[in-house]
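Chain naming follows the written order as A, B, C and D, and within any one chain the residues start at number 1.
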Amino acid sequence: MNHCEDNNVNAKMVPRTEEEIESLIKRLRRIEGQVRGVQKMVEDNRYCIDILVQISAIQAALNKVGLNLLERHVNHCFAKAIREGNGEESIRELMDVIKQFSK
Amino acid sequence: MNHCEDNNVNAKMVPRTEEEIESLIKRLRRIEGQVRGVQKMVEDNRYCIDILVQISAIQAALNKVGLNLLERHVNHCFAKAIREGNGEESIRELMDVIKQFSK
Amino acid sequence: MNHCEDNNVNAKMVPRTEEEIESLIKRLRRIEGQVRGVQKMVEDNRYCIDILVQISAIQAALNKVGLNLLERHVNHCFAKAIREGNGEESIRELMDVIKQFSK
Amino acid sequence: MNHCEDNNVNAKMVPRTEEEIESLIKRLRRIEGQVRGVQKMVEDNRYCIDILVQISAIQAALNKVGLNLLERHVNHCFAKAIREGNGEESIRELMDVIKQFSK
């Protein structure tokens, strides 16, 4: 719990475990590689539809990471805020982010 | 038009201009940088909501690149296929990709 | 709170006020009218693009009602479940519904 | 083809067949019924999550109708416009509607 005193860690935040961080980084690196792959496809003048299929795969992967982060947030930080009576701001934040994703 | 004989260029493809390629690459590099930025945020144990806002920005940027590619495709390759009487396959391809994006 | 004993009211549910119900019904009636409007457009053989614009407006309206319901749910029923220590099922439910909407 | 002289039919429009109209109307009536069902759920003070699941089902059904209309449009009216050299306006229209749906 002394992670909470870490400067980089928001007070509202239940810190992620090593495993959680590793798993997220791994997925984000794969996404980074996919974005580079699309750059290569563009440089090689590859067919638009093939590039679009690839972009759509990146979006699906990003969406998964997003839902994963959201689930963890609701389970930990959000539930904690409600329990500690700091629900109001957390609810506003959560709804804002859900609205942004539902666009 | 002799780009069409290039191995990397699909016969169905009206090749992109230098400017088009450059502009796409520039946007994709920025997206790649944003994905690396999210990795850094995860490593720094940053607040979930802030990371989610960032991911949502990447999705919006990817969506713009996708729509840009789609618009160009419809304007060039797709219109060409219809004019040359090869519309059927092109329509199926186009609808498949639109369905994937509408998910 | 004796609404809670009402058969139609789920125990997990903080009952909606008269005003909330009225406002939701009003919006849903408007949506129902829009769906009937699209039927009329189809019967009149109206231009596809015009019908699609109308369908997209209905989707935006439904999305707004959905976000409104979700916001109220998070504010009331969900926060209550967390406070009462019944968070686990509520979190699963919430994430399931968010996943469905993000599709 | 004399449908084209019908006042209700846009000149850009390849008229729908009786079967196409019937099938669309049937699906839209079902959607109308689903919207009424949600009104009933709200009146009965039903649990938010159950209503949200229902709204998400309506959105999926509307999306299907939209994709169906879009496919038919691309196959008929759009392909016709391209062939007749009136592609420019049609492409703009199509992209506008795709952008609206991708929001």
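Everything that follows uses one rule, which is that a contact is a pair of C-beta atoms (placed from the backbone, for glycine too) under 8 Å apart; a residue touches a chain by one contact, two chains touch by 3 or more.
In this text the structure is predicted, and so the values were computed from the model without any measurement.
S.K.: Among all other chains, pick the one whose mean CA position is farthest from the mean CA position of chain C.
M.R.: B
S.K.: Averaging only over C-alpha atoms, locate the centres of chain A and chain D and give their separation in whole Å.
M.R.: Each chain's C-alpha centroid was found; their separation is 33 Å.
S.K.: How far is the middle of chain B from the middle of chain D, if each middle is the mean of its Cα atoms, in Å?
M.R.: Each chain reduced to its C-alpha mean, chain B and chain D end up 26 Å apart.
S.K.: Two or more other chains touching the same residue: where does that happen in chain D?
M.R.: 63, 66, 70, 94, 101, 103
S.K.: Line, ring, star, complete or other: which one describes how these chains touch?
M.R.: It is a ring, because the chains touch in a row that closes back on itself.
S.K.: Report the complete set of touching chain pairs.
M.R.: In this structure, the chains touch in these pairs: A-B, A-C, B-D, C-D.
S.K.: Can you list the chain C residues touching chain D in their complex?
M.R.: 3, 6, 8-10, 12-13, 15-16, 21, 24-25, 28-29, 31-32, 35-36, 38-39, 42-53, 55-56, 58-60, 62-63, 65-66, 69-70, 72-73, 77, 93-94, 97, 100-101, 103
S.K.: Can you list the chain B residues touching chain D in their complex?
M.R.: Listed in rising order, the residues are 63, 66-67, 70-71, 74-75, 79, 82-83, 87, 91, 94-95, 98-99, 101-102.
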